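For clarity, chains are labelled A, B, C, D and E in written order, and residue numbers in each chain start from 1.
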């Protein structure tokens, strides 16, 4: 796959030219033009080229190269450097996380994708189809990509909530199992990962809305508040699921104990029933010389009948007490 | 059901005219007039019409169309956009949530209802019957609707507290059951939902009281503090119920264990009682040639009597120890 | 009981006259006079009368009528409205909560008592006996009443701490019981209620000390800091008790399990002891033609002796292992 | 014991005179002199005398008389009133708490000791031996006493940490016992008490460093930061111990359950072993006319051998499964 | 080992001279020179020498001598004193903590190493190889050492996460054991220690970036933000691991209970199977005169067959119920 996915100059919301990386400086000298570049896991040389074209800071470039950053926003002089984490459910119902980095300057936007994530070509197309919005500058392009990243979290969180519902059903309708406990643990782990990926977004949007007025046109602020709002919503959904999960873990545990208690009761009940014939048999197994019952002609069937009747009475007693 | 429930112009607290949507711009040009519109699940066209009449922001209209927002307040230029969640107990003793959106401008108030919630016609009537208050402008109308929404949470929270009391009684008076555990879980879930719906209200009222002095007349501020106060109260009731519920879950668990322990003790006690005749019977079942007792004439009745007495002694012993 | 408990005008710390409600306006025109009124569950008409005399806000009067408010402080123009919760232990060792509302203006103080609480006549007497302090104005009278309310919480919290100590002793010295678990739960509930009643006081005192300098003479500030300090102390005592209670619940649970474990061990130990004679008896109950022991003259007493000795050995073994 | 432990005037870091309480006013008129008084559980008259000499506030004197305050700092006009809690391990390895109150003015320091605590004579001596430091004024004397109070918490916290280590060892190496659970609870209680005594110190030092520049010479600020730092360290140690203790409680509980599980397994294993001879004996105790084995000459020894072998096999089986 | 590891003067990023401690004052008089000294567990005399050369504060020198400080930053006049904790995994897979203290002045940096930690010679070499960066002054040298300290935490946290994964596997695949519980406890303890060591770093970096602009060149700020970012990341990893560990402890506990429940069920199942032949044997051991089966020629083999078949049926029944 190509490292440079797209590199174009825009003016008044319209794509005016596809540009080569080395020509960027030239393009940037024109007023009201901005350049939007999309990179995918770029090599070190490529990043150095980009660094030179836009005068980016060493530390930002270093971060952009080694992915595995936490989501953050940092200002280096006139440039903002943003790191976001992307998420997608894979076919095995696990979450694949990726990373996208942004360099935003007065007249440029560079996006750097790492790991699993969709290309932003579609986002670019959507932007180009609404030139009145894209005309607001690179701030709007930044919004469009960030928005598409955040929107990809909703199906992820929905999947986790479905998983939670499945766990609830297992807990309350099936027998307690090791597997359910392991699923609870796994879900907790995934919720924590999503939370770690999304919660810094709230602060990032806040910063973009409030402090970076130079790079983000004021009329674009409302759009970042929209992302902010989505981030808070995802955050709340995750927190909610976490709290429910903790309660589910406790409930699961109570149910294991109740189930254990039921086993004990059942065992006690049957032990009592079996104790009856054991007792009787033991009794008439004694070798006393004078035990009149043993001599009766119908002693044996009588005792057998008596024993079975007693068993049934004991059974009914425990049944009524709810132990059997 | 009609999409437009009500659309009227007010001046000095009095309804001066019912207006058609398309005539609104005309009405708004008159001084000290404001328009109050009530919509119910409006179509996209209807919302676009409203957007044009009041120059509303795209993002707000988009939110108003797709319900399922979290409660929030947002300022778009001169207009405030508010989202609230409404709640009602249905006949199955579950909570039905709905949503109401507000657009508030210098001389208009638009309410958009979604999902289950009462119509605000009654609120409107009450407002119209106190023109000295409604004369304070669209801010008071906003208060009146918000107040009626918040007041509907009190019966909901009361129902949840009743449910909590019912659970407590079950825990402390009945035997531990799977059903109680499930009810605890369900109540927790509902409390979390109410909390999510109500807690943003505190921030919303704060914002309305402090920052939006242009749209909300200063003499109306005290009314929003009233809603603020109610929101805090509901919040506290929910937090309280949650903490008690957590303790109830723990207490439930302790009681399950105690109950399990009692079963063990009972089982042990009866096992000990039954062990006595079993032992005796086994003993006199031995085939030794010289066992004098076996030859006694009253050996059998003597042994039976002895056994029964021993059983009674063992029984009393365990009774005293509290195991039976 | 009369609705108006007391209604007097004060000047320079001295009671100058008992006033009728309808004459208040007249009195208030005199410089350096203030009026202190004590009401007890007033009727709606009475409250309306008061409202007219002092020009109070509708919402405050509404709150003062329907008790069941949360503790709060609110400013309506020149008047402060304060709600406090009062608490007392009743004879059944439960907490009775009441409510007292205050209207404080430039030259008046109105207290409105609801539900169970002591009359403030004694507070008034104490104030009147220190005219140099009461001379600081209605702010000092407000302090005196609030202080007496807060001081009534100390015996309540002491009673709850005594209850906690009683629970601790039960947990660590007695057998685990359902009753202890229920007491823990009840104590938790009461602690939460006290917390809800007291914690808003911190904020209320803060507001009185900082922002309402017009109504509260600066030299009175130190007194409100004193209440603030008491509120914090009660709060800390409650938090402490709550955390200990949670640990007590956990400890209780551990002890239930240990106790359960001990039952199992005891049962296992006695089962082992009884197994010995059962085995022996079963063995010599076999019908083999050639079992030499059965023919021995002293076989029977020998086996009995052997069995009893074995039982004793087994008993001592389990004793040493700590199972019996 | 004398109420006035020490009462001396200092100038330029040197003790210039021992003063009588009633002569203090006279001494204070001299420039660059300050008076340092040490009281021990003073009577009410003594405190009134001190109040008059230094013009102290009623509420502060009241607090100083009734000990049992929470640690706090309060400013009354030109004077600061500080309450600290002191702690010492007694011979029974429990913590004895005491209280020390400070009145700090422009040229005086009064310390009032209550309950168990060391006298500050040693601190005073140390101060007098470094006149260049004591020359910084009563602020340094205040620091010296506060520092000695805070330093006495380190051995206390060390003792609690040693206790925690002892509990850990008991949990992980010994059998679960009621005593360990009770020790955990007691340690938790003591940690909470230390926390309550130390955590307000952070705020107190902060206030002394930032706001009270008049009474505390700027060059003394660094010293209070030192106390601040110690308070934070003690706080952290306590929080750490608390969190570990909570985990220890949980771990203890897990181990109780494992131990319970082991008892069950052992019991099951031995029951299985004993079941073998019981079965065999029962079988050959049947009275069928035709049971060839009963007639064999070596039937009895053969069956006994077979039974013992079976028992051994069952034993080995359970041994391998880890149940025995 | 030598106490003075390194002591050199730098100008414009180049090492211009190795200096003796006593000559430092002389060197410092030269413009744009700074001195970088590395000490290792210095003696008290050495520290006093350093104190005199750089006019350091008594309290800072005292702290630097007694290690065992918590990480902190303190300003003494023109000098900053920083304490950091270093961490390394030792061969026994435990964490060795050390301490490094920094004195930073207008033209000097003194590092004081205590306990286990790598020498900073390598860091110094790396700095000297990039004179354009080291030219930014002692601020950059400070960054370089701090960065190397923070970077050493990543392998430590990785090792702890590996340990967590190992524990998870044990919990979910093996049988519950005392050892796993102890490992969970140990890991918790280590996580708390790392947290205590790292979390103050966030505040330290914040302070360095914002307030100490005199000593830290503005262009160096970005570098401290980098450390800040790493500290937050380590913090998050630790918090994450802690929360997962708590859940693991709970899950472990659930699994112990399930396992206990399985033992009970197995025991009950086998007890039921053994009850069959016991019953039958007891029955035909009765001594009734008239029991026709006993007389049948094939009574014995018939009964044996019947018994074995019944046992198999009972076995299959429990197998199906999942108890065996």
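In this text, contacts are C-beta pairs under 8 Å (C-beta built on N, C-alpha and C of every residue); 3 or more make two chains touch, one makes a residue touch a chain.
In this text the structure is predicted, and so the values were computed from the model without any measurement.
Common neighbours of subunit B and subunit C under the contact rule above are absent. Comparing the contact residues of subunit D and subunit E by number shows a mostly separate set, under half of all numbers used being common to the two copies. The rotation relating subunit C to subunit D, fitted on Cα atoms, amounts to 70°, rounded to the nearest 5. Spacing of subunit B relative to subunit D, judged by their CA centroids, is 41 angstrom. Centroid to centroid, with C-alpha atoms defining each point, subunit A and subunit B lie 25 Å apart.
In subunit D, the residues that touch at least two other chains are 250, 253, 257, 260, 264, 267, 271, 278, 282, 285-287, 291. Under the stated contact rule, the graph of chain-to-chain touches is a ring, a single cycle where every chain has exactly two partners. Neighbouring chains touch in a ring; in the direction leading from subunit A to subunit E, they appear as A, E, D, C, B.
Considering their complex, residues 57, 59, 69-70, 72, 74, 76, 175-178, 181-182, 184-185, 188-189, 192, 196, 249-250, 252-253, 256-257, 259-260, 263-264, 266-267, 270-271, 274, 277-278, 281-282, 284-287, 291, 293-295, 297-300, 303 of subunit A touch subunit E.
Touching subunit A in their complex are the following residues of subunit E: 168, 172, 222-223, 225-226, 229, 232-233, 236, 240, 243-244, 247-248, 250-251, 253-255, 257-258, 260-261, 264-265, 267-268, 271-272, 275, 278-279, 282-283, 285-291, 322.
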